[in-house]
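As structure tokens, the structure follows; a few thoughts come after it.
The letters A, B, C, D and E name the chains in turn, as written, and every chain counts its residues from 1.
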Amino acid sequence: MVAVQYYLLLSAAIFCIGLFGILTRRNALFFLMSVELMLNAANINLVAFSFQYGNLTGQVFSLFITALAAAEVAVGIGIVLVLYRNFGDVDVTKATTLRW
Amino acid sequence: MAGLTLPVLQTAPPISDWVAVAPVLLLGLTALALFVVDSIDPDSSNSAALAGTAAAGTLLALVATLLLLAGGVGQGQGGALRLYGGQLIIDGMALFFTVIFTSVATLVIVASYDYLRDRVYQAEYYMLMLLAATGMALMAAAGSLATVFVSLELASLPSYALVAFMKDNRGSVEAGLKYFLIGALSSAIFAYGISLVYGVTGQLGLEAIAQQLSGGTQLVGVLGVGVLMVAGGFAFKTASVPFHFWAPEAYEGAPAPVSAFLSSASKAAGFVVAFRVFAVAFSPEAVAQSVDWTLAFWLLAAVTMTVGNFAAATQDKVKRMLAYSSVGHAGYVLIGLAALGGGQDGLVLGASMLHLLVYGFMNTGAFLFVALAEYWEVGRTFEDYNGLGQQAPIACVAMSVFMLSLAGIPVGGGFMSKYFILIGAVGTGHFVLAALLLVNSALSLYYYSRVLRALWVEDSDGSVAIEGYPLGLYAAVVGAAIVTFLLLPGVFLASDVATAAASALFA
Amino acid sequence: MILELLIGLCLVGAVVVFVAPNRYASKLAAGWSLLPLALSVFMYATFDGQSNALLGGQLAYETMVSWVSLGPYALNWHVGLDGISMPLVALSTVLTTAAILAAWTPIEERESQFYGLVLFLEASLVGVFAALDFFVWFVFWEAVLVPMFFLVAIWGGPRRKYAAIKFFVYTNVASLVLFIGFFALVFGLGNSINSLDLPAIAQALRTGQLSAVGGVAPETLKVAAFVALFAGFAVKVPVVPFHTWLPDAHVEAPTPVSVLLAGVLLKVGTYALLRFNFTMLPDVARQYAAIIALFAVVSVIYGALLALAQQDLKRIVAYSSVSSMGYVILGLVAYTVYGVGGATFQMISHGLISGLLFACVGVIYNTTHTRMVGDMSGMADRMPVTTSMFVAGAFAYMGLPLTSGFLGEYFVFLGTFGADFPGAPWFTAIAMFGIVIVAGYLLFAMQRTLFGSFGVETDHAGSGAVTDGGERTHNGRRANGGEHEHGDVISPAAAHDIAPLAILLALVIVLGIAPEISFAMIRDAVSPLLAAGGGG
Amino acid sequence: MAETATSTVAFAFEVAPAIAILPLASFVIALFAGKYLPKRGALAGITATGGSLLLSLWVMLTVAGGAYYNEEIYTLVSTPDSFDLHFGLLLDPLSALMLVIVSLVAFLVHLFSLGYMNDEGEPGLPRYYAGLGLFTFSMLSFVLSDNLFMSFVFFELVGLCSWLLIGHWYREDAPPSAAKKAFLVTRFGDYFFLVGVVAIFATFGTATFAGAESFPTLAEEALAGSGGAGGELPTFGLSAQGWFTVLGLLVLGGVLGKSAQFPLHTWLPDAMEGPTPVSALIHAATMVAAGVYLVARMYGFYALSPTALAIVAFVGGFTALFAASMAVVKRDVKQVLAYSTISQYGYMMLGLGAGGYVAAVFHLMTHAFFKALLFLGAGAVIIAMHHRQDMWEMGGLKNKLPVTYYTFLAGSLALAGIVPFAGFWSKDEVLYEALVHGLNDPLLLAAYLMGLTAVFFTGFYTFRMVLLTFHGEPRTHTARNPHSLGWSVKTPLVVLGILATVIGLANMTPIAEATGLEIEFLHTWLEHGLEGVNSEHYGEVLETVAGYSAAELSPLLAAVFSLSLALAGAGLAYRLYSGDRPEHHTDRLGAAKRLLTDNYYQDEYQVWIAQTLGTGVARASDRFDQGVVDGVVNGVSSVSLFSGDRVRRVQTGIVSNYATLLTLGLVALLVGVGLAGGWFL
Amino acid sequence: MVAIPYEAIAFGVFALITVASSFGVVLVEDVWHASLLLGVALLSVAIHYLMLRAEFIAVMQVLVYVGGVLILITFAVMLVRQAPDDPDEPEVA
């Protein structure tokens, strides 16, 4: 049995990678994918701790997260599409009409 | 929650579960009803019927909530109703905030009737709004981190769509994008924070977490990171620094009624859930030995109100100024969290709740006035508002009430609530926060008075000709103004409920 | 309930006038303002209060209804009058009527809004003087700012926006400071009080119920709270160096508003100082009396010197108000019956006299469209009645005997000279020199504007607006000639312009000859303060 | 006292307030109804002052009968736990005498005004008569005062009235300016008076002049150490005598201002801008006399402090000489009279300071008459000259205006101190007192010598004035054809002329000394009175407390001294100016003339203080206020708005930056709270 | 008895795959490659779930993420394909 700490490390690594992606990539789709990675990091934690504590709470919650992640992507893609329609691009740094 | 066996569960609620969650159900069902209507007749542009239905739904929910409040449901020390295994908690605070959400939603829907005239997808608009309201009502009642997360997303996802509702308007789309991106990032952080808290406690139920934490924990660091990440999630929802970046953009770009809805109701929702999570799950007594999150909120409050007000001070556009002021007000309310554990918990939290209630009306009203201005197409900057006071005196009197009340001048309830917060800060010895509040109030008075100046003092350049006085917008603006004003002498109607509900959390 | 009726009358009047058509507004407002005036006179006549409102004793027209609860504290609607507040309430109603009459000529647009705001202001002012619960008091205290802001910002002079916002923000900051100071005290009192009732708090503070808050010792807390309260009120009074909003606000405000601003608004500050600092924390006040007296004396002399340097008639009166309010502070410090009573008397007296002077300046301005001393001369020739009033008012301001202005200052000097704080005679003697400077600038101003050969110099005779100083064209003085000879430009003031002047002047003289009319009740209210404060 | 008096006596005192109230009524009538009355208020004023005169005489007779009155009649403010402020009447020989003088002069001035003002078609007559009425009211009330508070009140009112009357012709530039100056300079003096009154209240808790509880009595008890209430007075860190000296000097400030003593005399010559009857009223019997009267009124207090007395005397002596020297070179007849007024009041101060209480009061009385006479005479001349006042434009009026000439001459002889005219007796007595006390006190002696020298100057300028005005050939057309004078002008002149001639006989001290006759009526008169406020008592106090002692010297010797000096002065004037076409002899004085015509540059330095110093400090304060005090306020707002602008620049519009900032913020929060909470240890 | 730590080895291997492919997602230039790598990462996470005895969650992970989310993203990539002149985003066939 692998100690739960390693899963924590793994999830932290993935969370950070996702965060890194969000901070560095300008394409909205990368942004979406990076968020998915981060949410998965949370899921890994939940499942791992659920296994450790022996209750299903974490697993159930990870399901919710999965479902909501899917919904979020759906909404997100809708927004990306209208962004593309209005700005002709999916570069998130291009949309800067509102600032200051 | 299999692992959760609390004694309170054995006491059968005095009323049926359905009755207790009636407001939430009413909101949700109205949304579904609109969905049905829309699918039967997708091209309907009968906005009166749509808005009427939506408004009826929120009004019913409001009435139901008020009845529940009046009936004392879930109130008093230890009187909270725990439904569905403690996943939902109906108590004074939940109902109090449901009043805010439903009132704001009603105002916004009534105002949207005029604002949306001649636009397509009206049914979807109302439906999304109702769904978001449902999510908020659920947030107020959330009893575990799982319901917190789900309801928060339920409130957020429709909001993203609402902000980007005018899909041919670049501002609206950009606002939606930014809101969504920051929201997604924040919800990821939030989820990760929840997972860490779960990792430390093995529980998601708020009271269960509190029980677990009161025994102390070895994983202080993990818990701390988790708690702060959870706080980050709330900070996003409440537009607190540094999670506030979306707010100015989203409020500015979104249709004004949506801005009103988000800046009032959505913010309140973020706060109610933060209050509940931090007061119950991470209650100061439980985490006294491990994570001093009041310090974090102290910093957040200080930075949030300062950034919000300072940035608002030099804005050119009224809507954006209101957006930043909304950030500033989040900072005021955060004092309620920062001052917890100072021996005045019921008082300070009650003051924050009261402020959110008043804010729900005065800020909504202010944004709806902006909606009115957008309806008249007078422009967005302060200069564009010059001389409006002569052309539309009633609406401008209402706007003046909002501005003064926001600034904490006694023509509205904002005076009372702001000073109650200040009392809380002083009473718990947070003199630095009190001083910051002072500085920021001064600054806020400056920029709010710029609106008054534009409306009443400056002369119009003559280019603005107001056509028509839209009934719905007027009704909403004037209604909000009347309530804002009445909350000054009538503040006792709300303040006792708020302090009692807040105190009940610390029973 | 008669006090509520008074406040309610003003509020209802405000709404009624606000929605009335512009052309009826002025007469309606004047008529309506007679109701609260008559009521307050009736109250004054039937006043049966004794003792001090905060220190026990019988209050007149008292009501107490519970309002809001705030954690462990109850907030009550508690109003009532004692010998200190009753004259100030009467002063407010008198000056409101005077201001409304004085506004008939200069206010030519948006009348209904103007008069509505003035009546709203009256309600707030009466409320400030009547309130005996901290929160009720604070509501009125802050509510005063709103009408004032609009009155200055909408109907004011060229720099009205700057002045209005400065006033608004500055005084609001002060309010927050005092609020924090007050609540530091409230929390220091802990369980010994269960409401924000001012009498209860005053009693608790004076009986030494204060305990530490947040590790701050009670003694330190008292001093800190005193400083915060003092700073807060000092802005309103205003005490040098917190005074700079005042000249701006005065100069830019339309004259009727200046009447109220100088006449009543400044008194709100000294009234609060008396009620809070000097009644609730007498030991701190006595301990630091010399420092407070220093502020007072600096206000007197520095304010007078500033007035001496001004060219704008309104600025002169504005700065001299700073000077005069310094006397009030000085009297309060003394803790003698003449000191504190004199300070209160001086508030009323200064209210009447400064109101009178501002109204006179207004009448002159209405006809000449300038207020600069160098721009006119010989006004006495064309406006004899106004000139007489101005002269009488100015001499009353200089402290001429048989006017209330003399007695106000004289009481203060009498009370302070022998007071037992260090350096009292010196402070008093230095402050008294103010009477020489005040005579200097008022006489200079009068000589140059009222006397000599007649002439007015503005670059647009008779048209509405005024230029600011920088852009005046020097088209020469038209002494005893030119278009101003014709009656259409310089005409004798109308009856409704003169009436308020005459009323105020009459009151000034009556109070100067029979000060007991108000000093008797003031004395009753002040004595307990001294007895309990250990002074005498 | 009242309770012992008969009913007539009581009634006389009951109606005594009417002495003051009658002119007040005339003020009200003239002010509000003046323009509807036939003579624009003159008749009301004449009636009122006439009534006052009659009542004053009645009071004087009553007082002569040995009844005195010292009662509070109106309580302004009463405070149970502190002192009261009240108005009251003190009717004793001094005040009764003064009442008669004031009301008589006021009556005559009113009468004279009828000719001087009404006949010229003056506008603003109601205002003029209202001012006169108010002035008379104030002065009479001042005289009636039984306490220092009331004195101060009416002292100030007198100042107001002088402002009103001096500035009567406000359409010209000079009168308002002179009025302002008069008020300001006297106000400067009154400042010290005010401090003094307040300090007296603070010290004694009372300000009444007479009675067992009066402040001079208390002070005396305190000095005598005889217990009583006087034993525990607060003296503000000084010795009792030192503090009383300070108090006396403070009150003296007001006296110097009102009585135009050096260095506060500068307003008086300018005050000649007022109508001439006003000058007569102000400078003869009322305003200027008020200062001296005040010292006399509270002489019991001054007598306690030799230092204060010496200063009074020295200032008086100096002023007498100083002003007389300036009168020598004036061209304007009223200016000459103005400086002579200053000089004469200097004598009175000298008399008071030298312990000659009776002498000073005597001179006050004679001066009131002859100076009123001279001013009214000058007024008559001015009427005749169509309002020209330069003596070099006159000449030869003796034949055209005989009544004026002879009365004026009587007044001049009195002023110059030529026996047997009034001024001789009184001035001589003042000098005598100064000499006999001065022989033991060098400071007093110096004052005496200055006073004595001034006698010479007085004789000179008086006769220079008379000669230039009335003698020789007329030098202008106007002087050849003077305006004729009416009865209302002449009557007062005649009355006053007679008085100026004979009133000195009331107190012929040298004759009394020489013959041993009991003819010092004024001495007798003033010896009576309430306990503690009579000359007898003052004499005792002067000796026991102030340590004054009189050298043995015959009054005749002193009289000879001064008379010969006066005659020398008059003779010199006669030699220089008696010709038909006198020359401008004063030109020979050269630079000294300049100095004298420029009044020793007194105005210049006072104007410099008022303008350069006062206004300069004010301007500097204003700049400081605008720049620093207000600058801080505005600076705070600018800094706030500037930083607000910076803060909002953080919001770049680029969402990636937001994410970065968000992350950094969260990390910072984590690190900060973590470090504070010690998570990472 | 010395047991070979199969689980540890498996965890190590799949953790490596997860981290590596995640890095790939955020580092590769091409959005197509990124979405493929995201699929790899999600699948390897599913294997972690299996190892944690959360079979249902693992199945859901595959169904929802790989079956739903990835397809959505792919679809979006198709819709918003960049113009060929953009050097950052080379054209995808």
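Going forward, a contact is a pair of C-beta atoms (placed from the backbone, for glycine too) under 8 Å apart; a residue touches a chain by one contact, two chains touch by 3 or more.
Here the structure is a predicted model, which is why all the values come from computation and not from measurement.
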Required steps from chain B to chain D (each step between touching chains, minimum): 1
Identifier of the chain whose CA centre is least distant from the whole-structure CA centre: C
Between the pairs A-D and A-E, the one where more C-beta pairs touch: A-E
Chain D-chain E separation of Cα centroids, rounded to whole Å: 107
Mean-CA-position distance for chain E and chain B (Å): 37
Centre distance in Å when chain A and chain B are each reduced to the mean of their C-alpha atoms: 25
Distance between chain centroids, defined by C-alpha means - chain C, chain E (Å): 76
Multi-chain contact residues (two or more partners), chain B: 177-178, 181, 185, 189, 248-249, 315, 446
Residues of chain A engaged with two or more neighbouring chains: 18-19, 22, 24, 32, 43, 48, 50, 80, 92, 95-100
Chains touching one another, given as label pairs in label order: A-B, A-D, A-E, B-C, B-D, C-D
Residues of chain B touching chain C in the complex: 344, 346-347, 350, 390, 404, 407-411, 415-416, 419-420, 422-423, 426-427, 429, 431, 434-435, 437-438, 441-442, 445-446, 449, 452-453, 456-457, 488, 491-492, 495-496, 499
Of all residues in chain D, those that touch chain C in their complex: 75-82, 152-154, 156-157, 160, 163, 167, 170-173, 175-177, 179-180, 183-184, 187-188, 190-191, 194-195, 198-199, 201-203, 234, 236, 610, 614-615, 617-619, 621-622, 625, 629-630, 633, 637
Chain D contact footprint on chain A (complex, rising order): 19, 22-24, 26, 92-93, 95-100
Touching residues (chain side chain A, partner chain B) in the complex: 4, 8, 11, 15, 18-19, 22, 28, 31-32, 35, 38-39, 41-43, 45-46, 48-50, 52-53, 55-58, 60-61, 64-65, 68, 71-72, 75-76, 78-80, 82-83, 85-87, 92, 95-100
Of chain C, residues touching chain B in the complex: 67-72, 110, 135, 138-140, 142-143, 145-146, 149-150, 153-154, 160-161, 164-165, 168-169, 172-173, 176-177, 179-180, 183-184, 186-187, 213-215
